[in-house]
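Note that chain A is present in both complexes that follow, paired respectively with chain B and with chain C.
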Partner chain A sequence: MDYVFTILILIGLFVILASSFDLVIGHCGLISIAHPIFYAIGAYISAMLSKQSGMPIPLSILCGGVGALLASALVAVPALRVSGDYLLIASIGFQLGLIELAKHFHEIGGAGGLTNIPSFLIKDFGRESYVVLVLVLAVATVLFIRWLTQGPYGRMMTAMRDDELAFSMLGRNAIWVKVAVFAIGSGIAGIAGGLYAHYFRFLEPDQFGLLQSSAVLTMVVVGGMRTTMGPVIGAIVLQLMPQIITFFNLPPSILGPLQGLLFTGLVLFFMFVRPQGLLPAADLWVGRNRDGDAGHSRKEARS
Partner chain B sequence: MTKQWGLKSTVGLALALALSTGAMAQQTSYKFGLAMPLTGGQATYGNDQVKAAEWAVDEINKKGGINGKKLEMIVLDTQADPQVGIQSVNRMISVDKVAVFVTAWSGVVKAVAPIANDNKVVELSVGANSPDISQLGDYVYTTFPLADVDIRAVANYSAKDMGKKKAAVLFINNETGIGSATVYRDTFTKAGGQVVAYEAYDQKATDFTGPLLKIRAANPEIIHLQGLVAESPQVIAQARQLGITVPITSYSGIYNQKLIEQLGAAAENVIATSLAPGVEDSPLVKDYVDRWVKDVGRAPNGLPYTQYLYDAPALIAAVFTSLDKKGITPTGENFRKEMLAIKSFDLPLTGKITFSEDHTVNKPVYLVEVKNGKWTKKAVVGQ
Partner chain C sequence: MSATLEIRGLCKSFGGIVVADSIDLDLTAGRVLGLIGPNGAGKTSLFNLVCGVVKPDAGSIVLDGQSLEALPTYERARMGLARTWQNLRLFPSLSVMDNLMLGPRSYSADSLMDVFFRPSQIRAHEAEARDRALDILERTGLSPIAQSRVQDISFGQQKLVGVARALMNDARCLMLDEPMAGVEGQTYALIQKAVRDIAASGVAICVVEHNVAFIRDLCDEGVFMFAGKVLARGSVEQLINDPHLTELYFGT
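Showing the complex of A and B:
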């Protein structure tokens, strides 16, 4: 059963990651792909605090989240003051630089990785309890982001994303909104990182690099940007697909290339065939779709 | 909405599980897992190692398997990535119910160690050489000598047998580079030599003139280079261009045909190590390499590593055969006990292996040197 538990936990974690990433890149329109580094910061802070100072794990996970939040604000404030595109460069620089730095710090395991991270819940209540914890937090994250984006704050984000100049003319501070959203999204990723660390008990700097960035980005794009359920579906599909393939009992000479082509193939397919993702965001396609759909259903009702 | 999608994912998982139970039903075979990078940056090595293991399993089954029962190998991809490795190993243990699995690449070996220990399933690390692998827990063993074995042999050989008094150490600034460079420095100093230069270069560097000039100024009699397969030829080429002609030693990573192809004459006087017997040492290895050339059309990438991978199924088969004879259920716990009870195994391509108390193995180190454009055997150290 461990296998199913691991998959469920990874699905839960990636739902959190993809949803919070969609908040940043989709809802708020901030171009940054450095999301995994905040996941890493949360993971490392939580692991080190609980391992070295024996801090209770729920508290250390929370500290990891706060650490990621503060770190993201640190990157965002100077980068956003210049202009939006600089955030992309600054955040990638921050991500790759921090990974390189982590490789040379032997206190946190260096390039060889951090081992013997204390586990949480599993010993007392079994692995099921951790699955429940992660899935509950995943649902909570999705609901929180839905609440955030569909309320007045969401309307504010949409207004800023669509026309920053007009938004500023209304007397609103665009930079403050951007920094806040970036920090919230990154803080959530940090908490996911803590959850990862205490279940898998091993962290390596390289696993939080650009490969993971592209994986999370693919989840958001495939699922559907700027929707509540899009990133959720993207995370589930992209976590399950590679696993399902292994059950076809293919020889390794086929299995390998197939796994490798899966991500690339999906991205290409969606770019050409369905750029809006599995679930299209309502505001983009509203005119055409609503009329078409309404007409259809009326006709069907009559016949 | 949430409910609907929850349902869908549950159905998907149920389907996945249903597919797998079909394979679990039969009890007439013995299974083990192999988790290797089939995709990603390390795939060129991973795929060749998997091929070697596949040949070995075929060979074992042709010769009657495990007392007439089939030996089955479950191969899954790790991408040499800890997280993917965890998923693969979890699958092998939960779905395929393996009692033992083979894996490599230090990051993956370390990441899956808690799973092996928690589930009481034996993890055999075959090819990773990070020294802390020996301390990963009761169920983690290596059949591959860890980093310090060959570095120590090279340092001792340089100081004692080659009579070098002044050495320079040039290493890549990462975990393995720093670790191995320290081992070399300490061993060489202990053997009566003196380390006159100790220089590091950055992981992504392409120009090594700075550290090389410092080394040239120190005027060493021998240089030890501790780099990766990727940039080591560049380092050697630049050293030779700067007029540094002293012998350069390194480790098993640079022992491949490509080095000579890339460097040509500059490769002369480069000494590498190999932790497995070469073509000249054993007729079985010669047959094995000939088979590669015949079936695949080239020599394997990282020959010594594939030799170890070829031998892993033989070791596993030996333990299973012994368990089968005694009628003991092949659980991970029993496998571990039986493996430690047998203790010494005679393997076709890498020779004898003995599991020691501290979860390491000791092997002789083969030194090879480039002479007239060919890797030639120089010495055998240890054992």
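Showing the complex of A and C:
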């Protein structure tokens, strides 16, 4: 049963990661694949705060989210002020650099990893309670991103993605929108990182590298960018698939490469056969307050 | 009467190519100024300099007494500067209505704090913008296609949407880059009427246009530009009938 709980928790965490990554790369069109580093920042900050200073875990997870949010702004502000294209390079540099740095800091476990991270809820209420916590937060994340992207802020993101210059000429601050969305997406990833840390209770720098970047990217691309349910479906499918092949009793030397092959194979397959993903996004943005007729009648009623 | 927009000594060159050579120009409230000149004269470049898309080498741009040079494009727009683009630059992923909804000087969701913590203010702001957009769509005859995608409407209507979107700004100074190119018939008349109405409401308008008939019908005054310089300013008739300018315009 513990196995099932762990799978459910991983699915929940990757739903949060993929949805928040879709906010950044899909809805806002910011090309960056360094999402896992903000997951890592949240995980390490929360783990260290609770382990060293005994901070209550909900608070330490929140601090992890805030830390990831601030770190992302630190990367985004200079990169986006120069040009949007630099974000990809700056963020990958930040991701790989920070991972290397973490390997040499023994205070946070170094390359060997950080162990004995305090657990949360499980001792008192069992693993089920943690599953519920993660899944509730996953649903909350999906609903929050849907709310944000279907409101007036989503209209801004859509227009900016279409034509940044025309967007600026209307009086909208494109850089601020980009930095804000990047920070929100990264902050959410940071919270997911804290949730990860206090369940698995072990962190090592290498797990947050490019392999995880490609996994999250695959989830978004396969599920369908700029859709509410696409990243959710992508996260579920891509979490379950590697688990399924573990049942074939293959030797570990084959299993690892096979899972990698599965990810890359899926991306290639989807790029050729269905580039829009399992759930294609509509090509016209429609906000939650469908205007038009309602607007007309309101105006007529008043005049 | 003091000018709404004052340009003084504006210079810009890209390597050896001079696109603005100490340009002095005033735009006056309620008047429509036509920019005439051959291709490459620096008309669109002048628009780009005024909007902050391109940074000038020297010179000053003042809107309603406030200097614009140090401001980024979006802040200039918030001060009441609006423009349309030669190549339209509408948002294809948005409906006509949503294209307009982004146009007011202050937008409902400009502040994230409002988005998260003041939903009622956002709703009020959106309703206000929507009413304004509906009003502009009605005046420009675009109401029937308010919910259409911009790719699904005619080119003339797209041009009109560009003008309508710029009108959402409630601008002090409006710059139209070839609003009539490729437009004919009923839409032509609609754009002409829209521009006249805006000018009558006290906005300073500047139009770049190759259609001489349109310039003559619409503009109170014309400016002839050539190689980044303002060569002459006067009535449109005067400029069109000047043999020297005609020679420059058509080449010899």
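Note that the second predicted complex is superposed on the first by the 271 of 303 C-alpha atoms of A that agree within 3 Å, B and C clash if a C-alpha of one lies under 4 Å from a C-alpha of the other, contacts with A are read in each partner's own complex, and residues count from 1 in each chain.
Keep in mind that, in the parts below, contacts are C-beta pairs under 8 Å (C-beta built on N, C-alpha and C of every residue); 3 or more make two chains touch, one makes a residue touch a chain.
None of these values were measured; they are calculated from a predicted model.
In the superposition on chain A, contact is made by A:163 with chain C only, not with chain B.
Contacts of A:172 after superposition on the shared chain: chain C is touched, whereas chain B is not.
The partner of chain A that touches more of its residues, comparing chain B with chain C, is B.
In the superposition on chain A, A:180 makes contact with chain C only, while chain B stays out of contact range. Within the complex formed with chain B, the chain A residues making contact are 1-4, 6-8, 10-11, 100, 103-104, 110-113, 115, 119, 139, 142, 200-202, 204, 206-207, 211, 228-229, 232-233, 236, 240, 243-244, 246-247, 249, 252-253, 255-257, 259-260. Of all residues in chain B, those touching chain A in their complex are 1-2, 5, 8-9, 12-13, 15-17, 19-20, 23, 38-40, 43, 47, 50, 54, 75-77, 79, 81-83, 86-88, 90-91, 93-95, 106-107, 110-111, 113-115, 119, 130, 132, 136, 173-176, 203. On the side of chain A, the complex with chain C involves touching residues 148, 151-153, 155-156, 158-159, 161-163, 165-174, 180, 283-287, 289, 291-292, 295-296, 298-299. Those residues of chain C lying in contact with chain A across their complex are 51, 53, 72-75, 77-78, 82-83, 85, 89-95, 97-99, 101-110, 112, 115, 122, 126-127, 130-131, 134, 146-147, 149, 165, 168-169.
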